[in-house]
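Common to both upcoming complexes is chain A, partnered first by chain B, then by chain C.
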Partner chain A sequence: MSLRFVADWDRIELVRRAVCDSADAVFADECFKDAIGMVASELLENAVKYGANDALVEISVIRSLDDGSDVVEVVVTNEVKAASPSVDALRARIAWLRSFEDPVEAYAAALLSAVEDGSEGGLGLVRVAHEGRATLECDVSQAGRVRVAATCPTPPWEARGANAS
Partner chain B sequence: MHFEDLEYLNSGTVMAIVQAIHRAKKAGVPLEISYCDALEWQRLSFDPMKVLAVPGAVDIVAVARSGAGA
Partner chain C sequence: MSDAAVGGEGGQRIMSAAAEKERVVERATARVLLWGGPAKNVVHMAGVIREVNAEEWLAPLLSDIHQTALTRGLKEVELDIRALEYANAALWRALVVWIKQIRERPGTYNLRVTWDRGRRWQEIALTTLRVFGFDPKTGDRVLIEGLQP
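Let's turn to the complex of A and B:
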């Protein structure tokens, strides 16, 4: 699926549900449905939060079966404000995420950091990596459009977090 | 605080929960946060929050089934 719309908070939940329904139709997996909806929603929230006002946001959710892999790629593209520091912050957050062997460690570290300094920055991306099992990439075009791609493995997965007490 | 029946929460809400935990700790107010262990997204979201817990004061509790009420 591919959608393009004016950046708007009110539309994010509608798109999340559409992504959930699409994933449910294809995979019939409750956990994956929730995960892919969360990935779409968090990336869209970042696009609305840090993108240019009233600019178009694009989201595509595509299953790829190339090279023997089976993944779903969620890509959100948006225009950023001129000289916005958010692109550097985005790159830094993704690099920081990659420094952890397991994304759950990054999530725990982000929670502790949120308590210490009250910063929320990047928590959504950490959830995308942890709960969505996603690999994140970003690039910026010369025209000032940021593209964030989350590549998510499809189910069945090995159970995670099942040792909760 | 019961989250068992919740369908979805965004990172802003996670932040609000973290701040509630922090304020409860500072104020010495007992707080229990419960989530549904049967829902994987809730387990993945809430279980790591146990790094913020203080047993007996601020507890993050997995419950087996939803329906405990909000």
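Let's turn to the complex of A and C:
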């Protein structure tokens, strides 16, 4: 699926639901459906929050079976204001995420940071990596468009969480 | 939840606790029912928490719940998020701040979070949150429990 819309916070929930329904139609897996909806929502929240006002935001959700892999790639593209510090912050956050072997450690560190120094930014991306099991990357075009891609493995996912052995 | 959830001795304290009235807080697509259950110690969250600045109302609300629980001498507060369809990162930041407040008050109440076994996203996030509630002296201050919807 691919959608393009004017940056508007209220539309994010509608898109999240659409992504969930699409994932449900293809995979019929509740856990994956919720996860991929969260990935889309968190990436869109960042695009709307840090992107240029009233600019277009694009999202594509595509299953890729190339090279023997089976993944779903969620890509969000948006325009940013010239010289916006948010691009550097985005790059730094993704680099920081990659410094952890396990995303759950990054998640715990981000939560701790939120408590200890009141840091509010970046937890959404950490959720994408941890809860969505996604690999993140970003690039910026010369035209000032930021593209963030989250690549998620398709289900079935092995059990993970409080009741997992 | 039984009356055992309420601290203190004898029925007077329990009657005092029972006097806490249920109330509902609604923000956009989220709904929070405060002080439900037989022991008036259950907080139900439902709907979708998705606003851009959800912490602006969540943080004071959770802080108020914390203060009320201390004032009432509760032994346990139950946070039931089974009917929560989705929440953005604001909820988890607000919850970890609440858990920190609980840990700073040893010997007071514990937090039990009940989640829907059909919503694994709740479990994944809560598993990490529980770590913040561990006190080496007294053990877990945060318990999580997966239940049927």
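By our rule, the second predicted complex is superposed on the first by the 161 of 165 C-alpha atoms of A that agree within 3 Å, B and C clash if a C-alpha of one lies under 4 Å from a C-alpha of the other, contacts with A are read in each partner's own complex, and residues count from 1 in each chain.
The criterion applied here is as follows: a residue touches a chain if its C-beta (ideal position, glycine included) is under 8 Å from a C-beta of that chain, and two chains touch if they have at least 3 such contacts.
Predicted model only: the values in this text are computed from it and were never measured.
Engineer: Determine, under the contact definition given at the top, whether A:45 touches first (chain B), second (chain C), both, or neither.
Structural biologist: Both chain B and chain C are touched by A:45.
Engineer: Give one of first, second, both or neither to describe whether A:111 is in contact with chain B, with chain C, with both, or with none.
Structural biologist: A:111 sits against chain B and chain C alike.
Engineer: For A:95 in the superposed arrangement: first (chain B), second (chain C), both or neither?
Structural biologist: In the superposition, A:95 contacts neither chain B nor chain C.
Engineer: On the A-aligned overlay, A:123 touches which partner chain: chain B = first, chain C = second, or both, or neither?
Structural biologist: Touch partners of A:123: chain B and chain C.
Engineer: Quick one: is A:143 in contact with chain B, with chain C, with both, or with neither? Answer first, second, both or neither.
Structural biologist: neither
Engineer: Thinking of the overlay built on chain A, is A:9 touched by chain B (first), by chain C (second), by both, or by neither?
Structural biologist: It touches chain C, and chain B stays clear.
Engineer: With both complexes overlaid on chain A, does A:34 touch chain B (first), chain C (second), both or neither?
Structural biologist: A:34 contacts both chain B and chain C.
Engineer: Where on chain A do chain B and chain C both make contact?
Structural biologist: Chain A residues touching both partners: 16, 30-31, 34-35, 37-38, 41-42, 45, 104, 107-108, 111-112, 114-115, 120, 123-124, 127, 130-131, 160-162.
Engineer: Across the complex, what residues on chain A touch chain B?
Structural biologist: Checking each residue of chain A against chain B gives 16, 30-31, 34-35, 37-38, 41-42, 45, 104, 107-108, 111-112, 114-115, 118, 120, 123-124, 127, 130-131, 160-162, 164-165.
Engineer: Which stretch or stretches of chain C touch chain A in the complex?
Structural biologist: Within the complex, chain C contacts chain A at residues 29, 48, 50-52, 55, 86, 88-89, 92-93, 96-97, 100, 118-121, 123-132, 144, 146.
Engineer: Any idea which chain B residues touch chain A in the complex?
Structural biologist: 8, 10-12, 14-15, 18-19, 21-22, 37, 39-41, 43-45, 47-49, 51-52, 62
Engineer: For the complex, give me every residue of chain A touching chain C.
Structural biologist: Interface residues on chain A, with respect to chain C: 9, 12-13, 16, 30-31, 34-35, 37-38, 41-42, 45, 48-49, 104, 107-108, 111-112, 114-115, 120, 123-124, 127, 130-131, 160-163.
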